[in-house]
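Letters A, B, C and D name the chains as they come in the text, with residue numbers starting at 1 for each one.
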Amino acid sequence: MKVNMNIDVHHLTRVEGHGNIHVVVKDGELIDAKWAVVETPRFFEAMLRGRPHELAPTLTSRICGICSIGHTLASLRAVERAMGVDIPDDAKMLRLLAKHGETLQSHLLHVFFLAAPDFLGVDSVIPLIESHPDVVGLAVRLKGLANDMCDIIAGRTTHPVSLVVGGVNKVPTKKELETLKQRIQDRLADVATTVEVFKTLSLPDFVRETEFVSLKGENSYPWIGGDLVSTDGVVKPEDDYRAMTNEYKVDWTTSKFAKLSRESFAAGALARFNNNYKFLCDAAKQTAEVLGLAPVNHNPYMNNVAQIIECQHVMIESIEMIDKLLANGFKDIRSDYTPKAGKGVGAVEVPRGILYHEYEIDDHGKIAKANCIIPTTQNNANIHYDLAELVKQQVKLGKSDKEVELLCEMLVRAYDPCISCSVH
Amino acid sequence: MDYKVPKQDINTDPLLSKSPDFNRKSAVMKTDKVYKCEIINIVELTEFEKLFRLKIADRTERELFDFRPGQFAMLEVPGFGEVPLSITSSANNKEYIELCVRKAGRTTEVLHQARLGTKLGLRGPFGTSFPMEEMAGCNILLIAGGLGLAPLRAPIYWASENRNQFKEVHVLYGTKEPAQMLFTYQYGEWEKVNNIKLHTIVEKGDSDWKGRTGLITELFDEVTIDPQNTYVIVCGPPVMFKFVCHHLNGEGIPMNRMFVSLERRMHCGMGKCCRCMVGSTFTCVDGPVFDYWSVLNLKEAI
Amino acid sequence: MEYLGIEPKKARIGVFDFTCCEGCELQLANKEDSLVDFLALVEVVNFREVSSDRGQDYDIALIEGSISREDEVERLKQIREKAKILVTLGTCACFGGVNSIKNRFDIDDVVSEVYGKNKVETLPVRKVSDIVKVDLAIPGCPVSKSEVERIVVNLVTGAAVNLPKYPVCVECKQKGNTCVVDLGEICLGPVTRAGCDAACPTGKTGCLGCRGAAEDANFDSLREILREKGHSDEAIDERLRFYNAFSEELKNEG
Amino acid sequence: MINKVITKGEFEKFISGIIDANETIGPKQVDTDRDGKPVYQFRQVKSFGEMDLDYTITYSSVKNFFLPFREELSRFDFSEKDWDQTVEYRVNPRAIIGVRPCDINALNILDKVLIGGAYPSPYYLARRRNTFLVGMDHEPLEDCFCESLGQDTVHRGFNLFCEDIGDKYYLTIMSSKAFRFLENVKVTDPTKEDDIKFHERRKRLRDMFKTKVEMTGLQSVMDIEFKSPVWKKWGDKCLNCGSCAMVCPTCYCYGIEENIDVGLKSSRKERVQYSCNLVDFAEVAGGHNFRPLKEDRLKYRYYHHYRGFAQNGDEPICVGCNRCGRACLAGINPKDVINELQLES
């Protein structure tokens, strides 16, 4: 039987921002498969011009409501590298803690609130409140912890307030840190339960070989700054990020596409996992084994699993950092500096992949030129080519257009795209 | 540790000499504890005003609630807020009290949706009152503008119930439009049964309006005032009593025989929150009833 | 609420995002301890970010984001027609937000800066009330979940909604903060409407005024104070214009 | 009143004993200001060392431990056709250490307002009665003017007061509880020498005051100068931000808020600290504002503070700590405003 399909998902739900899926199959042949972002562009790079450098992080955090801490950190790093500002170690640790809070909160939001309804066959998390109260309860508890973690360290989960050029502005109290540590420890049990739940779910079996790009760990699982690496063996310094992304414009979407050694590459939890598996803590490695994930894995749906593994990893790493901070008693959290002209890049692993900010700062300490490359932009091409391959494979298997449509939606969601980001 | 200091126990230290007993029933409304009461009747007076008849549920509490004309109560609508309202029923009535409520904001709007049987909370009575006994043997002039008739209804009841104690009793009442007149259903009774002379005026009449139009001060031509033998009570918007009192002062009525009821924002009713301060005076405990001399002494009163 | 004869009606809510970061709608899923109760109050009939269910019969439309494209104008007008109550959620919707910085530049220049020779459709950024009637505004970048909760409770129970009229300093002092103006920064707290629990000064960063002007705010005095502390007018203006939340007030400034 | 003397070492052990057994609040450095000087606040402490008893002045006053910024007055629990009200004003006993004379005097003023009058506040009373207060003298700051108001020494309203006479504290024991607490502590009766040191210390402190505010006849001056241009001058600068009232030890004006809980099953009635400086303090339904101008509102705070209100016997309620002056970004402070008013008259 010759299959015809016409899939048109206008404004995909349960993702951040506006994106459309468009698939046409005629007589069993794939005619067209498109991933198009239709978010209204906001021109942050243009708006940054002329802004005082100290407001750049505040402004760019508004690129994205979910990874606002990530944007703040990338922006801070770009400003600080441009002006040669060194930040104290305790401040670095506090920033990373805030980052971990965000990773945790973003991954949880994605796994439980956006992706889980697909696996459990419902429209949204709301019916789950009744059907799966324990899972929702657990998700809510964990997310509460993640939010509080950001609040305590960065002042606020969405659009942080105490991360500033030179370091951080405000230290949490000893008591806050101690309670936080205790709470993380307590919640590790919930992660274990999550793993149990995920063991029972079967994720779609789909593979398309691709290239994975992430930061390159030196001694630990990488989050902020450092070299860039790909599974195809490319290694480049942070400053050469443009050579790692090669952005280009396609005509059906407001977001740009990117490529490296092949037609497309992927960034995000799975990419980090594939490149830096060896730096995961033992417990996280064990979880990977339990959930059947080993590097290098080419199934994009496994991104959800990689996210769970990262949740566990950052929780454990946070406990270690809090211990160190408590022992240090943080004296030094902010360095003084004099604004000066310069150019700098900041690369930060945010939940969805590497985020790059690059600024040129003038003599008055104002931003003269800015460029930001968002993970979803890097993933767009990969999503796009995955869609084509997925439809081809599923049509061969004789799946109905409803089934294919759902799988396509799930595929896009698996990347956890942050669309409004990508058209900043 | 070398020294063990005993753990302190609650309320043992006579640090402060004065220790009010908050458990006494009569002191109940001195805290934020309310008397629970039930709406037993609702009359829709105008588009914006309703009259609520409330019965305090507990008998002892009902007996304790003893007020004088001019006093107000704090009416609590649980969940929404508490509002000061003049008690508009007869001070003689121990069965229920009545409050006339204008839909004015958050709490009063919700209150207007309440039905018969709804349970509300009441604290009070609070504030000063009109010296009704002192007025015995004299004429009384009750002058109200708009909602100002509500606080005057209690003295009207008083005058009616003790009609032979007073000489002439006049009510001068003005509103913007005829539709805003309150308690119209009682006018006949006041005039015929109680021998109270009612004079009304509206700023703007309608096709059905047969009475006078104009400002309330114009009604003075209908009454002859004996300045040495008259008490006046004025309730209404500040601009109104400014003119009225000024006029009557000119007629020779002593300032300490003219009374006004002031309205300010109130949050506690107990002389604490300071929201109702006028000059250095609390409207809630030193008022709301003031004689005209005191009002003139209050900075920024009118 | 039954005691009053008021039957709390579940609020049928549609959440719609326009040009923004979607951080405000994200707040709706925050505050874990009351989340389940909160979700019981509302019936979400259209909320693309968390649900695939797309109903069209909502009473309350929560609008997030500013308006910067022709199709958004149309969509907004359609929503206005359907909604009984239209609420702007967040600074972008209420005032234009950071997106408005774009309006300081030439539009073509902005497009070419970001997209090179490619053509991209865009309009100057406008706030929602420039286009349709707004019944209720909840400012904040992002909005505060406690305030949203309180407002939703009020909507559901039919009580009037009030935002604080006084400035952020009140909350800042209640938090026990050291004033950041004393620490040498520019803080717009004295002229900004409270309600955020002084989020920024509590994080030791000056307020940028995302909640718009407090009532009868004294801009002249604040400017004078900041000048005396050595801040340039340029730096003060940069902040006053950051969220476009004082555009009306600045127009009147002498 | 009984006087004793205690060595500083013994005193530390005594206070540590109190901290061990009770929730204790003391002055603590919480921050540093622009010039690197410490900023102090009253905070809960777990050990003697955490406190800095030589602190200059706390940024906010101790008032908020008696009048919290937000306090539940009562709650309503809804049932089907009815509701139940709960009023709770019991609090756990606690101790506050190191309170300065002016701050204790401020509490004494609040006592008059909140416990005196026809309607004593049980919430305040419960907190006041369950707080063990240890006062302590100190060297006045440049801008303190409590002496002008006669509030630089304190005679009541505390359990124990300590005056620094070198390596010892001269104690004034004001309550039986304090006496009992000191039972197992090594205290001695003051010697002649101690008494002399005590008087010297008092004199030295008194001589240190630099800021004088002319209080003579101020009450009538305030009444007469109700329309003075001084009010407009300062009113134009005033941000109406309420900072002064929030940090002031005697500002007590408040508002009531009632909110239904998210579950719709209960509601809370709360007292929230307000300030007559805030724009809607005197606004009534329908939007009429009895104090529409900035100067009206600023004047009102001064009026309340220096003319006094009926509830406290028409006395000034300011204790001269100048917290308001320090907190005010616009540089409005009692010394300048009052001295200018005095010049007007």
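Definition applied: a residue touches a chain if its C-beta (ideal position, glycine included) is under 8 Å from a C-beta of that chain, and two chains touch if they have at least 3 such contacts.
Everything numeric in this text was worked out from a predicted model, so none of it was measured.
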| item | value |
| --- | --- |
| Nearest-to-centre chain - CA centroid comparison | C |
| Separation of chain A from chain B, taking each centre as the mean of its C-alpha atoms, in whole Å | 64 |
| Chain B-chain C separation of Cα centroids, rounded to whole Å | 42 |
| Centre-to-centre distance between chain C and chain A (centres being mean Cα positions), rounded to whole Å | 26 |
| Where chain C and chain D are represented by their mean Cα positions, the distance between them in whole Å | 37 |
| Shared interface positions of chain D, touching two or more other chains | 78, 81-83, 260 |
| Interface hub residues of chain B, defined as touching at least two other chains | 78-80, 105, 119 |
| Touching two or more other chains - residues of chain C | 1, 3, 157, 159 |
| Every chain pair in contact, whichever chains are involved | A-C, B-C, B-D, C-D |
| Contact set on chain C toward chain D in their complex | 1-3, 8, 34, 37-38, 40-41, 149-150, 153-154, 156-157, 159, 165-167, 169-170, 172-174, 176, 178-179, 181-184, 189-191, 214-218, 220-222, 224-225 |
| Of chain B, residues touching chain C in the complex | 77-80, 105-106, 109-110, 113-115, 118-119 |
| Of chain D, residues touching chain C in the complex | 30-31, 33-34, 39, 41, 59-60, 69-70, 78-83, 236-243, 246-247, 259-264, 273, 275, 278-280, 294, 327, 329-331 |
| Contact footprint of chain C on chain A as seen in their complex | 11, 13-18, 40-43, 45-47, 49, 51-52, 55, 58-59, 62-66, 68, 109, 113-114, 117, 123-126, 129, 136, 140-141, 143-144, 147, 154-162, 164, 169-170, 249, 254, 420-421 |
| Partner chain D, residues of chain B touching it in the complex | 1-16, 18-20, 22, 30-34, 36, 78-82, 104-105, 108, 117, 119, 121, 263-265, 267-268, 270-275, 277-282, 285-286, 299-300 |
